[in-house]
Amino acid sequence: MTAAFALPLFWLMVAGYAIASAGLVMPTRRLVRMAVAIGSVAGGAGGLALACLVLWTDASLTIEAPAVLAAAGGWLVHLDRLGALFLALVSGVAIPVGLYAIAYMRSYEGRYSTRWMAFTFGAFLLSMSLVTVAANAVTFLLCWELMAVSSFFLVVTEHDRQASVDAGLWYLAMTHAGLLALMAAFFLLGSGSADGSGATFAALRSSAGLLPSETRAAIFLLALLGCGSKAGMVPFHVWLPRAHPAAPSHVSALMSAVMVKLGIYGLLRIGLDLLGGGPAWWGTLLIILGAASALTGVLYALVADDLKELLAYSTVENVGLVLLGVGAGFLFLSLGQPEAAMLALSAALLHLINHAAFKGALFLSAGSIVHATGTRDINLLGGLITRMPWTATTLLAGSMSIAALPPLNGFVSEWLLFQSFLPGVASSRASIAGLLTLGVGALALTGGLAAATFVKAFGVTCLAIPRSPGAAHAHESPGPMLAGMALLAAACPLLALATIPTLTTITGALAGVAGLPSIAPALHVGVTLRTPTGMATMSPVAVAMVLVAVVAGTWIVLRLIARRPVHVGDTWGCGRIGQSPRMEYTSTAFAEPLRRVFDQLYRPVDDTAVGVVRPESPYYIESMTYQTTIHPWFQRVLYEPVVQGVERVATWTRALQSGSVNAYVGYIVFVLVILLAWVIGF
Amino acid sequence: MFNTLGVVVEIAQALLALAVAPLLVGLIRWVKARLQNRRGAPVWQPYAELRKLFGKDTIVSSNASWIFRAAPFVVFGSTVVVALLVPVFVTPLPFNQVADLFALVYLLLLGTFALALGGLDPGSAFGGMGASREMTIASLSEPAIALAMLSLALGAGSTNLGEIAARTIAHPTDALSPGHILAFAALFIVMLAETGRLPVDNPATHLELTMIHEAMVLEYSGPALALVEWASWLKLTVFLTLAANLFVPWGLATSLAAGAIAMAVAATVAKLVVLAIGLAVFETRVAKLRLFRVPELLAVSFVLGLLAVTSSFSLR
Amino acid sequence: MKLFQKIRRVGIVTEPLPEGGLDAITIVRPIDARARRLLGRSVGIRQVDAGSCNGCELEISGLAGPTYDLERFGLHFVASPRHADLLLVTGPVTRNMEVPLRKTYEATPDPKLVVAVGDCARDCGVFAGSYAVVGNVASVVPVDVVVSGCPPSPADILRAILVAIGRLDLPVASAPPAGVSPAGQADAL
Amino acid sequence: MDKLFSEVAVLGASGVLLCAILLVWRHHIDGYITAFKWQSNVLAALTAAVAYFGDDRDLYWVAALMVAVKGVAIPRLLTRLAARVGQHRESSPLVSTAASLVICGLLILLAYTAARPLQAMAAAPTHGGIPLAIGLMFVSLFVIVSSKKAISQVIGFLMLENAIALLAVLATYGVPLVVELGVFLDALMGFLVMQIVLYDIHDTFNTLDVDALSRLKH
C-alpha cells in the first residue's frame, strides 16, 4: 500500500525543484527568494520521504519513458535502496540549504542576477536527485552532465571576479574529462550486451560478468577517473579547492556535502553494483588513492588561510577517508570476506552521511561569517563568538564532529573505519596486512591533523579579539540562515545518538549488492556497536551519556564547593600596557610548526623583506615583511606540464593558422597526397 | 554477575585513580628532588595545591568567551571518562563494553582540543603558541598510538581493554613477546609527549618560549586551574596504569572477590610506584629536546609501533 | 651512569633553615587571615623585578637551588601571576615598571600577598630621589612584608615568605616603613 | 619451548633492528658508534641464545668473537678514527631525520611483505626473525645511501655485515665456525682498508663529505 505513495512523492520532489527554478520568472526579488526556499524545502521533503519509503519498506519506484531520447535508449528511472540512500542525502541537505538561501541570496541582490541563480540552483538540486534514480546509461549521463553544468553556472556566479572564472574553467575542464571517461566506461559496459536493451542497469549488471577481465579493468579505471574527479579524489581534486570557495556558500555546502558524494555513488554503482567487484588490486588502488587524498587534503587544509578553502581541502580529506573504507570493502570482497566488506562499506557510507551533516554546517557557518564580515581570510577574523554566538556554536559543532571528537557523529564513523581495517590487518596475506597497517597509520595521522586544523579554523576565527574592522563590526546573521545552520549542526549529535538505526539502514541498502551478504549482519547489540568479527564493542549513546554526566557533575560539584567570586581582568601579557590583535597568534602562525615538520612536502616559498632605516647599520629596522606561499605539488608536478604542453601545442597550431587561403588549400593538397601515397603503398 | 556491583566497583576505581593521581605526581616530584640532591616537597604537596586553588578567586580575561570557562570541565570530564575505561584493579568491567582503545584515544583528543581552544580564547600570544604546539604534538603522536594499539589488539583479537588485559593474564609469556615490548616502548614515548614530560616538555619550566602545556594554561586561575592540573595528573596516572595493566597485567583481579581485589590493589600500587620512580629517574637523565626534534622522536615511536606490528605478524 | 654515581656521592645538600634572625623582616600591615589559612602549605610565587639591580634576583635564584630548597616548604615559583599567591617584588619601582607591577598585582587572584625584597623595594635605597623612580613598592601596590638588606640573604627572604604565610611568628611592626616620595623630592630639587 | 625460542629469536632480531633505528635517529657520529656497539652486543646475545636453545656449542664462540670484534674493537677504532678526522656530526643529511625514520619503517614493512614466503620456507623456530633481518639489510643500505659523510657510510657497511650475520644465525643457526671466522676477517680487513681510504680522503680534500669525491672527475 505504501508503494502507492512513491510516485506522488517523486513528482512532489520534481515539482519542488521546478518551483525553485521558476524563480527565473518571478516578478520581484523577494518572490525569487521565496520560490527558492519553498521549492527546495518542498522538493527536499518529497525526496526525503520517497527515500525513506524505499529504504524502510519494500516499495520501489520505476518510471519508463522510452519515447524520450529513444535513439539513445529512452528515459528510465528506477529507485533502489542504494540510490535511495544517496537520494536521502541530497534531499536531507536540500532542506536546510533552501532555508539558508532565503536570507543568504539577499547579499547577492543588486550585484548579480539572483533569478539566474535560482534557476540553476533548482536545476542543480533536481539533477543531483535524478542521478540517484537514473537506471540506464543515458539517463545517468544526462543527469550527471546537467549537474555539472548547473553547478558550473553557480560557481561562476561572481562572474566579474577573475578567481571565480578561473575556478569555473578548472571545474568545467575536469568535470568534462570525467564525463568523457564515464561515457567510455558505459560504452565498454554496454559492449557486452548485444541485445541492444538500451544499456539499462539491469541489463548491464547481467552482462558485466561475461566481459573479459581486461575490459572490466578498463571500465573500473575509467569509472574511477570519471567518478573520482567528481568526488575530488587525489590527483583529480584540483578543481575542488578552487570551485568550492568561489561558489556562494549555500552552493558550496551542497557541492561539498552532497555533490562530491555522488562521485562515490557512481563508483559504488559501477564498480560494485554493475561490475560486482573485482580483483584485489582494485581495492588496493582505492586504498592507496584514499590514503593519498586523506593526507593531501588534511595537510593543505592545515595551512590554508582562507576559511572556505580550508573547508574545501578538508572535503578532499573526508572523501579520502570514505575511499579508504570503500577500498577496504572492495578488497575484502575480492578476498571472500563479505562480512568484513559489509563492515568497511557501511563505515564508509556512515562517514559519508556524517560528513554531509558537519560539512554542510561548516560551509553554511562559513557563509554566515563571510556574509557578516566580508572576508574569508582567517587571519583577518577573530572574536566572532561574542558577536555571532549562534554561528560560532554551529561552527564549533561542525569542527568538533569533523575532528572526530566524542560524543559527536564524526567520532562514530571514524571509529568504525578503524575497526573495519582490523580484520584485514589480521589477514594472513602479508601484503594485505602491511597495506592495511599503513592504512590505519594514515587514518590516525589524518584524524590528528584534522583536529589541529579545526582548532585553528574555529579558534582563530571565533575566539579572542577581532583582527580587522570587518570582524569587529560583525553582526549575527538573520533567522532563516541560522535555522539552516542549526538544522545541520543539530544533526551532528543526533546522528551520533542514532548511529544504530542509520547503520541498519545502510546495511539494508547494501545487502545483496554484488557479493555482499543478502541478509545484513547485525553490527550491534542493543545500543552497542559490535563488529561482526567480534573485535570490539563501543556504544556511542553510552559514551555520550557518561561524558555529559561527568562534565555536568563536575560543574555542579564545583559550584557547590568552590564558591569564590570570578573577576574579569586583562589578558596577562607580562605587564604590557594594552593588548592589540597583532599580539595574537594568527592562522599562519598556528600552522607553522606542522608546516615546518612537513616542509619537504609543502616546499614553501618564503620571502622576507627588511626595510632598513639607516643604511650604515642593518640593525635599525623600520619594517619587516614575511611572506610565504605554498605551491601545491600536484599542481606543480601533474597539471602544469599538461597545461604547458597544451599551450605549446596551441602556439604551434597557431603558426599553421596563417589566414591565407593559399596555405589552407596547400594543407588540403598535402594531406591528400599523403593519403594517396598511403593507399598506394599498402 | 557484574552489573550493579560491577558499576559500583568501576566508579570506585575511577575515583580512586582520581584520588591517587596527585600522590603519584608528588612522588615523581619528590624522587626528582632527591635526585637533584634536594630535600624536596612532601609527596602530598599536590593535594595542598589543589586545596589552595579551589579556595582562590578566579580571574577571567575580558576577551575570553564561554569556551574559556567550559574548557576545564571538558578536559577534566573527558579524562575522568578515560579513567573509567582503564582496568585499574578489576577486569573486565561493564564499562569495557562501552568503549575501546580507539575511543580512549579520541576521548583524550577531546580534552586536548578543548584545552587548545581555551588557550586561544584570551588572545594572548602564549596561549596561541601553546595551543599550536600542543596540537602539533598531539596530531603527530596519533599514528604511533594507533599502531601500538594495533599490535596489542592483534595479540588479543580485540581492541577492548578488558580483553587485552585478560588475554595477557591467560598467557603470561605474551608479556615478553616482542610485539608487546615494542608496543610498550612506542606507547611510552607517546606517553611522554601526551602528558608533557621530559624530553618533550618540561613540566617545571617558567620560560614561556619553551612551554607547551603550561603556555596554554597561563591564563587559568583558581578552581579552573585546579581542574586543568588535576586532569593532567590524572592523564599521567591513566597512561601509567595503561602501561602497567595492559602490558604486565599480572595481579589484576578477574573477579569481584575481596581477596582478589586486595591483591590487585597491592599489585597496581606497586607497579605504579615502580613506573613513577622509573619515570623520575628517566627525566633526571635526559635533557629537553628542541621543539623541532620532537617530531623525530614521535617518528621513532611510529617506527617502533610499525616494528611491533611487524613482529607480531612474524610470529604468526 | 656517571650522573647517578655523582648524585649518590654528593647526597642531600639542603641545609636546615637557621634559627632566629628575624630583624631584617617587617610586617607592614595585618595579614589577611583567609590568605594565611589558605596558603599555609602551598604558595605559588611570582617574582617581579620592578627595576632592581639584579642583586636581589641573584639571592632569590639561590632559593630554588638545593641549598635553600624552598620547595620543601611547599613554595614554588610559577610562570604566570594567574597561578601566583605571593608576589616577590624587588627594586625601586621605575617609571617604566609602575604599570607592569600594578598589572601584575591586578592579574593575581585573591587572596594574595606581597613581599617587598631589599632596601630598594623598602625605600628606594640608593636610588631614592632619582627622576627615573616612582617610589617604593608600597607606594604602587599594597605590601604585606618587607625584607631589608642590600641584598638580603636567601635565608632572610625565605623567612620573610614564611612569616607572610604564617609559618613563622613575628609580631606586627609598630611603625610602617618610612614612606618616601622620591617624586616629590625630585620636584623639590 | 619452541614457542619461547621463536619469541626470543624475534625479540633479539627486533632489538638488533631497534639499534639501527636508534642510529638513524641520532645526529652525532658518537651516537652512531654507540648504536652500532649496542647492536653488535645484542646480536651476540641473540647468537648465544640461539646456541643455547639450538644446542650448538660452536655458536658460543661466534658470540664471543662478535663481542670482542664488533662490540669492542671496531667501535674503539671508529672512535679513534672519528677523533682523528674531527668528525662529530652528520651535519646535513640528505633526507631529514623524521623522514628517514618513516622511510625506514616503510622499508621494514616492505621487507616483511617480501620475506614472508622465505619465512614460510624455513622450518626452524627462528624463522620469525628472518623478515626483520632482511629489514635490517634495507635499513643499512638506506643509511649508506642517505649519509653524506664517509664515516657514517662505513658504519652503514658494518651494519650491513651485522644484518648478514643476523640472517645467517636465524636462518641456519649460523654458518660453520670457519666460514664465520672468514667473514669476520673479511669485515675486519674491509674496515681497515676503508680506514686507510678515509684517511686518504681526509688528507686530500680536508673533509669527509662524500660530495667532495665528485671533484675527482675534474
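Labels A, B, C and D are assigned to the chains in the order they are written; within every chain, residues are numbered from 1.
We take it that contacts are C-beta pairs under 8 Å (C-beta built on N, C-alpha and C of every residue); 3 or more make two chains touch, one makes a residue touch a chain.
Bear in mind the structure is a predicted one, so any value in this text is a computation, not a measurement.
Geometrically, the chain at the heart of the complex, using CA-atom means, is B. For the pair subunit B and subunit C, the distance between C-alpha centroids works out to 36 Å.
Averaged C-alpha coordinates put the centre of subunit A at 48 Å from the centre of subunit D. Rounded to whole angstrom, the centroid-to-centroid distance between subunit C and subunit D, based on C-alpha atoms, equals 59 Å. Residue numbers of subunit B whose C-beta contacts span two or more other chains: 55-59, 218-219, 222, 295, 302, 306, 313. Of all residues in subunit D, those that touch two or more other chains are 98, 106, 109, 112.
In subunit C, the residues that touch at least two other chains are 80, 82, 107, 109. Working note: touching chain pairs come out as A-B, A-C, A-D, B-C, B-D.
Across the interface of their complex, subunit C is touched by residues 567, 569-570, 572, 574-577 of subunit A. Per the touch definition, subunit A reaches subunit D in the complex via residues 430-431, 434, 437-438, 597, 599-600.
Of all the residues in subunit D, the ones that touch subunit B in their complex are 3-4, 6-7, 10-11, 13-14, 17-18, 21-22, 25, 97-98, 101-102, 104-106, 108-109, 112, 119, 128-132, 135.
Subunit B contributes residues 54-67, 73-74, 76-78, 80-81, 84, 95, 97-100, 102-103, 106-107, 109-110, 112-113, 116-117, 120-125, 127-129, 131-133, 135-136, 138-143, 145-147, 150, 153-154, 157-160, 218-219, 222-223, 226-227, 291-292, 295, 302, 305-306, 309, 313, 316 to its touches with subunit A in the complex.
Listing the residues of subunit C that touch subunit B in their complex gives 3-4, 7, 10-14, 38-43, 66, 69, 71-74, 76-80, 82-83, 85, 107-111.
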